[in-house]
Amino acid sequence: MELNGEQFIAASVPAVWRGLNDVAVLGKAIPGCEAIERISPEEVHAKVMFKIGPVRARFAGKLLLSEVVEEKSCSMAFEGSGGAAGFAKGRSRVELISAEGGTLVSFTTEASIGGKLGQIGGRLISASAKKIADDFFEAFAKELNPLASEISNGGES
Amino acid sequence: MNPKIPLDMIVNGNRVQAQIEPRRHLVDFLREDLGLKGPHLGCEQGACGACTVRVDGQIVRGCLYLAVQANGKVVDTVEGLTAQGALTELQDAFMRRNAMQCGFCSSGMLLSAAELIEQQPQATREQVREWISGNYCRCTGYHSIVDAIMDVLEA
Amino acid sequence: MKAAAFDYIKAQSIPEVLALMREHGDDARLIAGGQTLLATLNMRLSEPQLVIDITELAELKGIELSGEYLWVGALVTHTEIENAPLIKKYAPILQAAAPHIAHRAIRNLGTWGGSLVYGDPAAEWPACSIAVNATMVVRGLQGERRIPACNFFVDLYTTALAPDEILMGTEIPLANAKDVFSFQELARRHGDYAVAGLAAVAKKTGQALSDCNFVFFSVATTPVAAVQAQNLVNGQAVNAELITAAVAAARAEIETMEDITNSAAAKSHLVGVLLERALKKMLAD
Amino acid sequence: MNKPNDLAGLVLDPVTADQRYIGESEPRHSAKRLLEGQGTYVDDLQFPRMGHVVYWRSPVAHMRILQIHTAAARNMPGVLAVVDGVQMATICKPWVATLSHLAGMKSAPQHALAIERACWQGEPVVAVVADTRAQAEDALQLIEVEWEELPAVVSMLTALDPETPLIHPELGDNLCFSRTLDVGQVDAQFATAEIVAEATFGFGRHTGVTLEPRCQIADYNRGDGRLTVYHSQQAPHMMQDLYCRQFGLAESDVHVICKDVGGSFGIKVHAYPDDFATVGLAILLGRPIKFVADRLESFTSDIHAREHQVKGRIAVNKQGDILAFEIDDLTAIGPYSMFPRTSAIEGNQVVNLVGGPYKHQHYRAQLKVVFQNKTPTCQYRGVGHPIACAVTEGLVDLAAEKLQMDPLAFRQRNVIPDDAYPCSGASGIKLEILSHEQCLRTIEKMMNYTELRQEQAALRKKGIYRGIGFAALIELTNPSAAFYGVGGARIASQDGATARLDPSGVVSIMVGVGEQGQGTEGIYAQIAADAVGVPITDVRIITGDTAVTPYGGGTWASRGAGIGGEAVLLAAQALQENILRLAGAILQRDTAELQVRRSQIIDKATGQAVLPFSEIGRIGYFRTDTLPNDFKVDLMVTRHYAQRDYPFIFTNGVQASYVEVDIDTGFVTLLKHWAVEDCGRVLNPMLVDEQVRGAIVQGIGGVLYEECLYDDSGLLRNGNMADYLVPMANEMPDIEVAHVQTPTASSQLGAKGAGEAGTAGAPAAVMNAINDALMPFNVKVFEQPITSEKILRALGKI
């Protein structure tokens, strides 16, 4: 499954970069994140409760950073095991581009969902992944710039 | 940690009382606890219809219904409905038309057909096909099953 | 495929349900028809600590006429909708849609409210509820609020219902003689999730349609109304050119989503085909 | 009598004197209990001290097993054992599934539970046994396997590329088997032919989805060292042999029992790793162990089939004579060849069967069978026939179109004539006697072909696009030892039956071929009743028990009626002779003056009843003192039958499909389906008809609905019953079946197989009908399953 996108965030490139490297920020932004810790500059471990529709699956996963170019781009390899429910793995390339009033985060992700989740969820897997990415960036933007994100979310619910 | 729950229901005309784990679905209860092996498990995701039983007179997927939900209700399986003769006409027609092969789908198919005959006594061949399309049969071409049900509808 | 262990409570009142939901949060699941929940539990793709059975709550049952609304309780089953004379008279599109939902044994248990709160993008009821301008009546510990269906389905499997609220039922404006509708669904097998579907409702005077709702399902992450197509058609006499324009508008405005066997492109194409068929059918009625 | 004739017309000579049941639509008396919920399927059985096993299966296509943590699982309530591959391997030998007559075929050793590596998503790795299934699943969640993902071979198209990793480095490449056949002057024919048509045909991977999943209860009694296995299986004696060999047991100590089987279709004729693992657990734990695959593991562990890509072309002259066929078949079978039948047979059948109905003399075929990291494939209903038939009939329609000749007329011109037999097909297959011409004539009448074409043309003018598609086919049935035996597989082509007159005068028949729902027990009762001479209600059939029935091959390759039925006939005839001899001794008359008639001995001359069977039973068993000293009573006889005249007895038939294609949506509606089938003597038209229909519907599944969809990393995306679409009643057409009867002379019964031809022909007929409907748009679809998406793409709508 491929997942590519661009997300504007109303914060400076350095701020976004710091955010992406700050487990505290990531912890609040990753949907369903229950615990997160940095093992080394390149390795982050997290526990995430994956919730989509009727499905609940607790993933224990790790994130490996590589090809890091300060405040510009990096690659991430991630894999998470949801026990009996299945697993998720993939790699993602993230680039930050300075833009009018903030930063454009562009990402290209190659992911696969295995085990039961993949066997059952096929129908909506890619939509679910997209939703998770959207939720992440929405929350991430909130973290970096509460005001801006509230405005952008005005009218919701 | 998860206490068993008392259950009191009528199965095939007999009162049944039991203590069961809430997680047990109705067909596991019928098969494993009561020894009623007529309803079968084909998928446990509600797709195949082999587990079809009647609760309060309506067909349901026995794998998508908790046994504890049947508390105070009336449950009928192919065994009971055979004894009551409720299915006799259908069973005879199924025999006559060879509307079964391996028989694994038959109990569910018969119960679905019985509800159709109740609800749509005027059903056409097409309506019969639509109605039983919730019951999977991998052996027959469905043709003989439709023939058998039509026999009963037209009788 | 046996569910993980859980506790079970058959709730006796709405306040009890709300209190339990507050107490257990996401560790609890409500069971109404259970036709989605049970499959998920059997596969252990969800392991709640507690299952709260709401099927005995009278307040959530029944189809009733109340003033200018038709009340459809959250626990009303698909079969009840299929058979109810009140539905046939006042919300006929629901009756047309019901037979497309899975199969009889599932319709006997599955509920209107359960389908709405799951918000499966491929499900019939969410799209229909928008098409008939239903209002969701939801209750939480803070009290009751009303949410128009068009604002209820916010994202994939995500509704405007708060975690500690439950759906009581819906109010549906009564259809009258001027109302026409068309329910279109393409599924590979009868009862399957749709490849693409459309719930279309409008008011008809002569050859003109107004108050159009063209709500598509199983093409995007939520049921989605083709607003621009609706605006094009509203108040206009419908002719071949208008149909062509509406079809083009709908295809352009709806961002379709692929599923396991159908590409986004195919769904965009089908969006147009279904809209054309629906418009022609509504004109013919 | 070995000449074609219509069932409607000439009736075949009877097989027995006073024939009352053979050839009649007798209901399956033994099936009533199935309709009353009184069947006995494996999962219905419960035994004291029975444990339930669940398997931790590889979640990925290819992985190295680093470490397995089982402590947490062992401590869960009810858990009896947790066993991994290393422990299992101490009692169960690994196997390699190859056949020596498939030259150069190779595969790698496979274990009951994976050791070191798992090679497909779904391969069993760890077994967890507990008191209940739910407890076993509770514990399964705590099994933690550390694994390192290995590169997976997913696409068969690149499996042989040098840069593609090897699944089994010791094999040297990812090639399991290859074969080339070159008959006549193929190049010359294509060079000079006025018309050449070609296409590439795709066949999606699918699976059998028996409604009853694979299941088994193994019980090892440490006291007497005997293993008893209740199994939902097609070949009990084969499994007995395999358990003996893999666990080092004596045949006499292994007892396999197959009671009611909830559908098999080839899925249950193979020996699966978890079959051996479950038996191994019973031996390790000394108690009954039940394994019932749940539906999710069925999709990744039941064999798959049919993943083929075939490039094909046909050469025809302008008079409309087919000159030559050429095909190039690539198929992928998963990481191991399946035990013990092997996974190279399907492709081999395609090579043997393409062009089968036709009289061309030039044929070239290439086959490559490659390994990949997906669920192993093997023999599933039709085995290669649906592929060969779709390729052949697709090409035939392309040629007919280029010739602007009616596709039915084109077939009538090119099929091997009914009076040309016995003969060989271009691939070298030996054909005893077929009836293509008569089948084509029959179907033309049946479907009112001319009127149907007129209707099609009229509707086309109104923008309604309907299509008619044909599929002529041959099917191999009644196999000899040439199928497996010669290749070294211990799979019996012979089968046996025992007939016994019981004291009360009723007859018991024990047969090696079991009942899977197709009605074998029904036809055996018909045969026995007529051949012994009793009412069918006085016959009991016993099958599926290695301790009771004669040794036999079981149910496969459409052999139940032709092989099993002949064995029953021979045993029943022998029993009747013994009954007559005993009657002669009792009555002190010459046997030649006596005759059996409906449970009575009658006087040939007067027709008078002189002695009832009940009396024969009484004296034969309890009053032998009243018989002459030198007379030996023998009221139980066993006979075996093996078809040895031909490698296979081929059957033939033709199908036609009538469809409507909605060109706006790409949806296909099946309006009607016709089949004319020549399975030799029809023992029970009602059973054969629905067998044919069921087979056709499985074929329709392949051409329109069924496909195991994998992602790029070799993970199954639709392995569940909601997303893997099997045919349901609503979309299926009414199916009309007619018979031509050309008995085989290789047996008295003259019966050939009927169980697979429907599956062989339906995909071709429907595919051709769809392409006929699309003719005005000059587009075609050859990729199965043919989905609305593919039709819309072909039409350029997306």
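To keep things simple, chains are lettered A, B, C and D as they appear, and every chain counts its residues starting from 1.
To be clear about the criterion, a residue touches a chain if its C-beta (ideal position, glycine included) is under 8 Å from a C-beta of that chain, and two chains touch if they have at least 3 such contacts.
Given the structure is predicted, the values throughout are model-derived calculations rather than measurements.
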* Asked: Most remote chain relative to subunit C, going by C-alpha centroids?
  -> D
* Structure fact -> If you tally C-beta contacts across A-D and across B-C, the winner is B-C
* To do: Measure off the straight-line distance from the CA centroid of subunit A to the CA centroid of subunit B, and report it in whole Å.
  => 47
* **subunit B and subunit D: spacing of chain centres that average the CA atoms, whole Å** => 29
* **subunit D: positions in contact with at least two other chains** => 134, 141, 294-296, 709, 717-718, 720, 722-723, 727-728, 730-731
* Two or more partner chains touched - positions in subunit B -> 21, 23, 44-45, 130, 133-135
* Structure fact -> Residues of subunit C that touch at least two other chains are 1-5, 43-44, 189-191, 193, 260
* Would you please name all pairs of chains that touch? => A-C, A-D, B-C, B-D, C-D
* Structure fact -> Within the complex, subunit A is touched by subunit D residues 59-60, 121, 140-141, 149, 296, 299-300, 709, 711-713, 715-720, 723
* Within their complex, state which residues of subunit D touch subunit C. => 133-134, 137-138, 141, 294-296, 664-667, 705, 709, 717-718, 722-723, 725, 727-728, 730-731, 787-789, 792, 797-798
* Which positions of subunit A touch subunit D when the two form their complex? -> 1, 83-84, 86-87, 89, 112-116, 118-120, 122-123, 125
* Structure fact -> Touching subunit D in the complex, subunit C uses residues 1-5, 43-44, 186, 188-193, 195, 260-263, 265-266, 268-270, 273
* To do: Under the touch definition given earlier, write down the residues of subunit B that touch subunit C in their complex.
  => 1-3, 5, 21-23, 25, 28, 44-46, 49, 52, 58-61, 63-66, 68-69, 71, 112, 115-116, 130-131, 133-135
